[in-house]
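In the two complexes that follow, chain A is the common piece, with chain B as its partner first and chain C second.
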Partner chain A sequence: MRAGFTLSDRAVGLLFIAPFLAAAIFFMVYPVVEAIRMAFYSYNPLRPDLSTFVGLRNFEFIFADPLFWDSFWQATVWTLLSIVFQTVFGVAIALLLHQALPGIALFRGLLLFPYIVPTVVIALIWRWIFNPEIGVVNYALQSASLIKEPIYWLSTPSMAMASTILLNVWKYTPFVVICVLARLQTVPLELYDAAKVDGAGVVRRFLDVTLPQLKEVLIVVIVFRTIWTFNKFEEIYLLTKGGPGTSTFNLAVYSFEQSIANLRLGVGAATGVVMMVMLSIGSIIYLRVSGFGQDEKSP
Partner chain B sequence: MTRIEFWTLTRRLASYAVLSAVTFIVCFPLVWALSTSLKPKSEIFATPPTLIPHAATTENYKALLTGRPQYFQSGGQQVTSGTTPAQFFTRWFVNSVIVTLGSTLISITISTLAAYSLTRFRYWGRTVVPYFSLLGYMVPSIIFVFPLFLVMVQLNLTDSLLSLVLGYVCITLPFCMWLMWAFMRSIPIEIEEAALIDGASRLQVFRQVVLPTALPGIIAAAIFSMIVSWNDYLFGRVFLNSLDNLTLTVGVMLFFEGTHVDWGLLMAASVLMTVPMAILFMALQRHLVAGFGAGAVKG
Partner chain C sequence: MDVKLEGINKSFGQVQVLKDINLVFPSRKFITLLGPSGCGKTTLLRMIAGLEPVTSGGIRFGERVVNELAPRDRNIAMVFQSYALYPQMTVRRNLGYGLRVRKTPKAEMDAAVERVAAILEISHLLDRKPAQLSGGQRQRVALGRAMVRQPDIFLMDEPLSNLDAKLRVTMRAELRRFHLDLGATTIYVTHDQLEAMTMSDMIAVMHGGIVQQFGTPAEVYGQPANLFVAGFIGSPPMNLLAGELRGDDKPTFASPGLTVQLPNLVAHPPSRDVMLGIRPQDLDLVGDHEPADLRGRVWVVELLGSEKLVEVEYAERKRVTVQVRAETSVNVDDTVGVRLNARRAHVFDIKSGATLRS
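This part shows the complex of A and B:
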């Protein structure tokens, strides 16, 4: 062994994990604990010295606030529709890309690209192409005689909801594609050959061979996407700011507005706690599905 | 041409047709943004709109990169008369680069060390930590952004790039940790044992054997981390306020604060913001499936 300092195995092990534990406590555990604590306080960021313990008053406030429930239901609709479209398009595109064709890598690259485009950029582009007077989408629809009057994509409640869903589907369908594609590459080809010998057509082969193989990955993807989509902030805030009015508010936007615009950090935090409770339920489902603690070897 | 060849050819052509149509729809918003960014002001509002600019110009890019004031005056927050957001573009770009690289470097270092420790040493809780980390990255940013902001207030770091670096470590560390852990445990331990028997110290083994083997995982984690940091809006919006210190995502949204929206300039800014991610994405392509396979997913 070379001269110089040597560390025992145990010391190296602890030394290497120490920065992570410090960061985890400082950046993850503490803020979450603090967020939960704030939910029980009346907290004004301009006068932190005046914060007082209010018990469950913040929760009583949000549960009595019609806007909270509007946000909740709008988030539910937003999430459900986004997930349905993402899953259907995601599987369809993955199947299209899972073919041995020359040049398929180019298509795959282009179709996955939206996933890495900054949300700010997508929101800006959306505002430009969906502009009612000068946007190219209305122009195209009008010149194809599909509509007579321009559609106010971002300034009528239902269309604003549709536009944010479209943005969300556009950006995150690639996520489903990547996961499904990775799984498709591990489906044994013999299964298809056997099905072919049995005389199964394309549709039957998809329903009887492909879909059962995809079941597991789809459950995981849907649980993950549901959790993340329900809690999305930027995808809505940057496009509509929750408007027109409050028609595209979800719980994240509600929490943000309570904290920033109304300076009610306690109410915002209480909303966050409600979101975390729902998230935990989703996580438990995920851990069940992924078989946590059952098989130590496979990640 | 046999019947089978005929059908193969037909199927291929059909596949290409569908793929091209889907790719066109998916990529159209980005292509339109690029097209708009290259148009002179007179052509942006032309009817019918042109996909390929008749008189392509780089004036929008020049205005952003040289900071030349545009013809409109913006009335956004802290914009003094005579200045426009465009003048700060290069500054914001540099800020974004600093924050992205800084937070990625910290996240990668911490998570690589921790993953090594967790997979090579035996101590209490080592199998639970990665799963808690996984839960950590499912918690939406909106919940801990305000508590973390209050931490920054106490540390006197508000409105500084350092606060943002620490904030991004907070959102990227959990999934870097999860990815590195999944990657490290798949590296066979025998090579290290051989090196140890040959008389190398733990630290030598880590530097010369483990790090090179773990490089693909490190690259994948770094790319994900950079994408998340570069694309974030929420943390920048809450942590920063002086014009000089903003990052691109927060700064470019200020372009909307004026009475007149310069779409050519906005689309040029969008393109410039996307280019670094596009370059990363090309590098990412190879690592994409490996990374996602290991569970490094964040959306």
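This part shows the complex of A and C:
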């Protein structure tokens, strides 16, 4: 071996992960720590010099704010409905695409479409689609004589909520489809044959063979989709700006409004901390209850 | 219940994998489909099970044509190569699944599961899941799941191939025993001729989608119908020597280094170019100076335990394998004579491969 400048394997390993570690600390750890710190401060971005430690005052503020609670319940409704529809549609479409039909590969490819298009573009397109005067949805419904008056999709509260859910379901169902489809392709075919010989019909084969095999992937998908949907900001903001009024506020929009519009960055940060705690606790309970990771792999 | 296959053909797209299969499997017999990988054994079994549609031809169980019946209506049970146990269910639920699907009363179902578990000696495993079982235990559960419904026909696709050699030998005997106790027709797929020989009442030897011979183990071993069966059945494999036939009344096989009269050959063979088949057991080593049919040099000696396999090179790059008792003293490069039991010789037409024996 050549004498001189040599590093141990360990040092080389550390060197290789150092760039990622630096980036992760700078872009992930630091902002989180900073946000948690800020939740205990009163901080006006226009007057950083007046920043003061306020203890739990920010938390007291949000828990006493009716808009926080409205946002919380609306976020819960939006998340729950989005997840339920995404999961049901996702599994159904995956089962369809799993069939060996001619040309099915084309449809599998099209699945990625909602991913390729940036959210901003999608939100703008959907605003046009939902436009009460010139949108294609109302046009179609009116042409089919299903409705007489145009529906104000984005400017009546319940319809606005439905529209945001629709957008979210449309955009993220493919994620569920891809995960489920990948798992479906690994289900041993002999299990279906065994079930057929045992006398199971289509429904029982789905319940007793397919669904148990999908259990783990569905648990993971639901956890991730819940976290991402509960935290979602840009879809709601781009489509409805939280309106009409505050009817489509979720906690992310609430936090944004407090921080940017009301210049109460500390309150916004406190909201973020509350969301983080809620999602962590929720996820842990869910994973425990669903028995994730304790299930037996197929032998 | 007997199983009749009448003119079965099967194609996947353009590829024909089974060609005009005509077989009758007698009721309550243990029948083995034996053949090398890819010859269509699994495909045929799956068609009998109703898991694969028949391209043409008819399958009958007894007198009933079952072509259009779904697997569940055929009263069959099947043991899969991978066992295909439902991973999320306990052994108890796995065993009872077929009964539960058929809405059998709970008490009856529990009794049936307990009975089968007792027979297979897996009662202590009933509350485990498949992942917590060894390969041999899984195999038993798969077997139990098939037995619990008391099917007319038992189908098994290489159920022993995932077990270690020792367990395989034990299970062979057990499977045979269960077959006798159950009184169902068993159709068993394997590529292992030893399994086929030891367990079966009848063997269908398959190759290239065609049934080469259907008969008892003694028949396929003792009177192979063609070159393929001759080469496939028997371990160590039969010696096959190319040569020609001479003389019409007293047919004689002749090839470089070997001339032998064949007493049980048909008088006027249709062909002159033939293959002589003789099993290593039907050859004997003699000393260098005694009369012999072949003479040559010992090429290699393999000890099998109670026997020795001796390969003798009798002409340039032509060898025969001789099986002798282990005590026989023989060394590499010895010059030896080989005597051939001509009554046990088989002669095959080289072109068609068919046997020329009367």
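Criterion: the second predicted complex is superposed on the first by the 273 of 299 C-alpha atoms of A that agree within 3 Å, B and C clash if a C-alpha of one lies under 4 Å from a C-alpha of the other, contacts with A are read in each partner's own complex, and residues count from 1 in each chain.
In the analysis below, a residue touches a chain if its C-beta (ideal position, glycine included) is under 8 Å from a C-beta of that chain, and two chains touch if they have at least 3 such contacts.
What you see is a predicted model; the values in this text were computed from it and never measured.
K.L.:
By the touch definition at the top of the document, which applies to A:F233: first (chain B), second (chain C), both, or neither?
P.N.:
A:F233: touches chain B, not chain C.
K.L.:
Between chain B and chain C, whom does A:R204 touch in the aligned arrangement: first, second, both, or neither?
P.N.:
In the superposed model, A:R204 contacts chain C only, not chain B.
K.L.:
Going by the contact rule set out at the top, does A:F27 touch chain B (first), chain C (second), both, or neither?
P.N.:
first
K.L.:
Touching A:A194 in the superposition: chain B (first), chain C (second), both, neither?
P.N.:
Second partner only, chain C.
K.L.:
For A:W128, select first, second, both or neither according to whether it touches chain B, chain C, the two together, or no partner.
P.N.:
A:W128 sits against chain B, while chain C stays out of touch.
K.L.:
So, A:P212: does it touch chain B (first), chain C (second), both, or neither?
P.N.:
A:P212 sits against chain C, while chain B stays out of touch.
K.L.:
When both complexes are superposed, which of chain B and chain C contacts more residues belonging to chain A?
P.N.:
When the residues of chain A touched by each partner are counted, B comes out ahead.
K.L.:
Please identify the positions on chain A that touch both chain B and chain C, taking each partner from its own complex.
P.N.:
Residues 296, 299 of chain A touch both chain B and chain C.
K.L.:
Tell me, which parts of chain A touch chain C in their complex?
P.N.:
188, 190-191, 193-201, 204, 208-209, 212-213, 215, 295-299
K.L.:
Could you please specify the touching residues of chain B with respect to chain A in the complex?
P.N.:
Result: residues 12, 15-16, 18-19, 22-23, 26-27, 29-30, 32-33, 36, 45, 47-49, 109-111, 113-114, 116-118, 120-121, 123, 127, 129, 131, 133, 135-136, 138-144, 146-148, 150-151, 166, 169-170, 173-174, 177, 181-182, 185-186, 199, 201-203, 206, 227, 230-231, 233-234, 238, 248-249, 252-253, 263, 266-267, 269-270, 273-274, 277-278, 280-282, 284-285, 288-289, 292-295, 297, 299 of chain B touch chain A.
K.L.:
Note which residues of chain A are touching chain B in the complex, please.
P.N.:
Where chain A meets chain B, its residues are 1-2, 6-7, 9-10, 12-17, 19-21, 23-24, 26-28, 30-32, 34-35, 38, 45, 48, 93, 96-97, 99, 101, 105, 107, 109-122, 124-126, 128-129, 134, 136, 139, 143, 170, 172, 175, 178-179, 181-182, 185, 224-225, 227-228, 231-234, 238, 252, 255-256, 259-260, 265, 268-269, 272, 275-276, 279, 282-283, 287, 292, 296, 299.
K.L.:
Which of the residues in chain C end up touching chain A in this complex?
P.N.:
Listed in rising order, the residues of chain C that touch chain A are 46, 49-51, 70-72, 76-78, 80-89, 97-98, 101-102, 129-133, 138, 145.
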